[in-house]
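Both complexes shown next keep subunit A, but they swap its partner, so subunit B is in the first and subunit C is in the second.
Take a look at the complex of A and B:
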């Protein structure tokens, strides 16, 4: 571990804005900054997750006009400063889905390969946090390029060469400072549901009456999925705007009625319990099946922002009790 | 008082379930977060102790009524929710005989976010008017307008101008109003929580979801966001009961209540109509009259 003075870190970050697109917490949300004075946290974690950097809500895959097709290029370099360990893990999960051997997604990969993730440890997690359920934690460093820990006037920092080289000349010896207690206190404050074995259990629960029960209060809006750092479903549509025509990729949500509506008019997931099942199955059964990891990182956004208090922790517990 | 209300709600819910007057009761249970209650659906009379009543029961439960077409439903309502039921009856979406209404006079629901900001996780003992949701601050129908069973003392209704916020808003210049609207609309992520939380947004297919014709492009371009919010509001003109469920549901804290309130005030001024009072009276948007005012045509 090294130590870095906060003021000097922000000065350096300001200089880096010339070469990098820098994203950081800006009040409630996460966004692009022009100056580090814009960095401000209004809650432990930001509302709109960092997935927007690599998978924007709306993006042109190509533009076309009278046979002239152009694919947008993206050579930007990104720094994501102050994301939380859960969101760093979420990006690692998105990598598994978009950066695959068989179907690499060039749009996602172009942005992702030129990015540096600097995560900040959560010294005081929120009551909605449950990252420890998935083998991660408030001080987890493995999914980010660097982890910083706020110590007042300075940060403790650890990371790979790519991230630490950004701060060349500013890193000091940490003087043997111990963070074990701080880490333990943060971890102990998190109450996570038990999830061990939920993936296998769900395999035989496709027709279980539980889906009707857990989806009753759901009003099928897309708040949970749009704020979720790992939900990546998208729709592709052709759009004409101001004499510009393009094929666009836009976020979609399994909670919407039209999500799987087919051209014939048939909808295999017309009922909301089937769509709730899809959301839960995708995170806790399909993702582990495909990638050996749960598709949820326990950030708690879906709990915090649900208009009717659908609590995924309660759903997990109910499944485990079946 | 509140304990007595909870006791009465549970007793009545148990009775109507046991006597098979209804198949299901829609009410509130304790939420999993501070200052939160959550909708609950009770079918077994032994489960009625889950039901609670407090100042956090802000959801408009009428939104669930159309989810159980084959069932007789018991529902616990505040003033605004009861008006939604009347509005849905006026539009022939509900049959009165299939619903058993347990009414609770409401002193206004408390804004979770304001409380969290001010008091953290320690709930205050005394609560001031400023901690009410905006819709509750303006509310002029705190007492249920329709019910089969009422518990709790009737609350004093307000008698002053019901639209002070709209009156203030109307004083702004056109540019100021447009700028405010643009700023609010620009925060939208099109999750449609506003639409889904609203009992009156019951279209089988919303105009944003149709693709032939396609009325609106997907994505978050500002013009598309503006069109969404304008059309949503217009479809609510004189049909909206001002419950504020849309604004409370919005994860992005967009101020949208003023838009439907402005339209409601216009409908009141132009057509002398108020929704959710008389189930026999059809809202102006749903009818046609040769005597409709048409000053704007010439």
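Take a look at the complex of A and C:
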């Protein structure tokens, strides 16, 4: 591990904004910054997750004018500074959907391959955090290019060459500083539900009455899925007029009725319990089936921002008790 | 990197109303950059720029020089497609999906069961089987519609009915002036024709009501679930397993389907 003076790091980051699009926590949400003075956290993890960098809320797939298709070019390079370890893991999970052998998604991949992820360890996790349920943790470094640990005037930093080279000349010896205790304290403060075996268990719970019970108070607003760093469902729409059109992709949500509504009026997930089942099944049964990993990283956003206090941890516990 | 969201350009070579009630329109399309390689049962997304994209099963066979689609007018995009005239440009993505397992079918008897306008990809399959006639044993088709004018590809059906290497059974729901085929619903006619399940595969596409009442007949005829195939429809957008909406359990209808065998479907949530 190395150590880096905070002031000098921010100076360097300010210089890098010339060559990179830099995203960081900006108070309430994660967003693009023009100056490091904007970096601020209202809470340990911010509301809008970094998935917006790779899968923007809306983006043009192409424009269409007088019979010609134009694909927007993107040669930007990105630095994602101060994302949380759970969000870094969420990006690794998004990769599995978009960076596939059969149909690689060029829009996602172009941005992703030009990005550097700098995660920041969570010294004091929030009450809604439960990343440790999924084999990750507040000091997990494996899904980011670098991990920084806040030590007051300086950060401890460890990472790959790609990330560390951004800070050439600024890295000092860490003087043998130990972080084990800090890490253990953070981990121990997290109360995670037990999830072992939930994927197998869910396979036989398709018709269980539990779905009605756990979805009863849900108002199907979709906030949980928009804010979830691993949810990626999108819609494709044409916008424009006269002879100039744009085909856009925009975030969508499996919690909405129209999501699966067919032209005939038939809707395989008309009832909200089927939609809640879809959301839970996708994360805890389908994802493990396809990729051998859970599709939830325990970031807690869906818990914090649900207007009616639906708590995915309680749903997990209920499933485990069936 | 190939961009899977970008459609290819083509032209409508022929367009006509397929059914007497003008609810179905057939388009024969030729792509600007040459022929498309595909397997019967696959589908394409047709774009109307500014309106959107919709998925349609390919009704032409790989051996034909054009791509054929028969489109039922139900909403926004399909209404726009109905307006298209001959020689207008169109945009297409495909082929998408898995298609019928035509290689697995080799050396077997094949039974095709269909109702209404779901016959589209089965036309493709039937012509494919006839193109490779020596690779397949008996071919039986049971196809019905409410009335004669709602059967797709009527002239071709008559031509196939004359052949002695395929058994075509056409049906309409009720007596109709001049109709000489079967009268009755598809499940009833299938039971009457009673094709043997010995060494056979059965492929079925039709409206939900037909499927529901045909399934018990198929069981009665002793077709095991793994030898019965059907093609599913779900609302789709990307068509390539990315946008998330068409899943049934862990499978995506657009990418892992639309063709599934019954034994696979029996294990999945009934989300279709």
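Simple rule for what comes next: the second predicted complex is superposed on the first by the 318 of 322 C-alpha atoms of A that agree within 3 Å, B and C clash if a C-alpha of one lies under 4 Å from a C-alpha of the other, contacts with A are read in each partner's own complex, and residues count from 1 in each chain.
As a convention for this text, contacts are C-beta pairs under 8 Å (C-beta built on N, C-alpha and C of every residue); 3 or more make two chains touch, one makes a residue touch a chain.
Small disclaimer: the values here were computed from a predicted structure and weren't measured.
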Next item on the list: Judging by the criteria at the top, classify the pair subunit B and subunit C on subunit A as clash or fit.
Entry: fit
Next item on the list: Could you look at A:204 and tell me whether it touches subunit B, subunit C, both or neither (first, second, both, neither)?
Entry: neither
Notebook entry, point to check: Is A:256 contacted by the first partner subunit B, the second partner subunit C, both or neither?
Noted result: first
Check: So, A:75: does it touch subunit B (first), subunit C (second), both, or neither?
Finding: neither
Check: Looking at the overlay, what does A:61 touch: subunit B (first), subunit C (second), both, or neither?
Finding: second
Margin query: Is A:290 touching anything from subunit B or subunit C once the two structures are fitted on A? First, second, both or neither.
Written below: second
Margin query: Rounding to a multiple of 10°, what is the angle at subunit A's Cα centre between the Cα centres of subunit B and subunit C in the superposition?
Written below: 90
Checklist line | Contacts of A:106 with subunit B and subunit C, given as first, second, both or neither | finding: second
Next item on the list: Classify the contacts of A:37 with the two partner chains as first (subunit B alone), second (subunit C alone), both, or neither.
Entry: neither
Check: Which partner, subunit B or subunit C, touches the larger number of subunit A residues?
Finding: C
Note to self: Just checking: does A:98 make contact with subunit B only, subunit C only, both, or neither of them? Give me first, second, both or neither.
What the structure shows: second
Check: Nearest CA pair across subunit B and subunit C in the overlay: distance in Å?
Finding: 6
Checklist line | subunit A residues contacted in one complex by subunit B, in the other by subunit C | finding: 235, 237, 241
Notebook entry, point to check: Of all residues in subunit A, which touch subunit B in the complex?
Noted result: 28, 47-48, 57-58, 127-128, 216-217, 219-223, 225-227, 235, 237, 239, 241, 248, 250, 253, 256-258, 303-305, 307-311, 313-314
Next item on the list: Report the residues of subunit B in contact with subunit A in the complex, numbered from low to high.
Entry: 31-34, 36-41, 59, 63-64, 67, 121, 189-193, 195-197, 209, 217-221, 245, 248-249, 251-253
Margin query: Residue numbers of subunit A touching subunit C in their complex, please.
Written below: 61-62, 64, 67, 69, 71, 97-98, 100, 102-106, 109, 206, 232-238, 240-241, 245, 247, 249, 252, 254, 259-264, 266, 268-269, 274, 277-278, 281-282, 285-286, 289-290
Next item on the list: Provide the residue numbers of subunit C that touch subunit A in the complex, in ascending order.
Entry: 1-7, 9, 49-53, 74-75, 78, 89, 208, 233-235, 237-238, 240-245, 247, 249-250, 255, 269-272
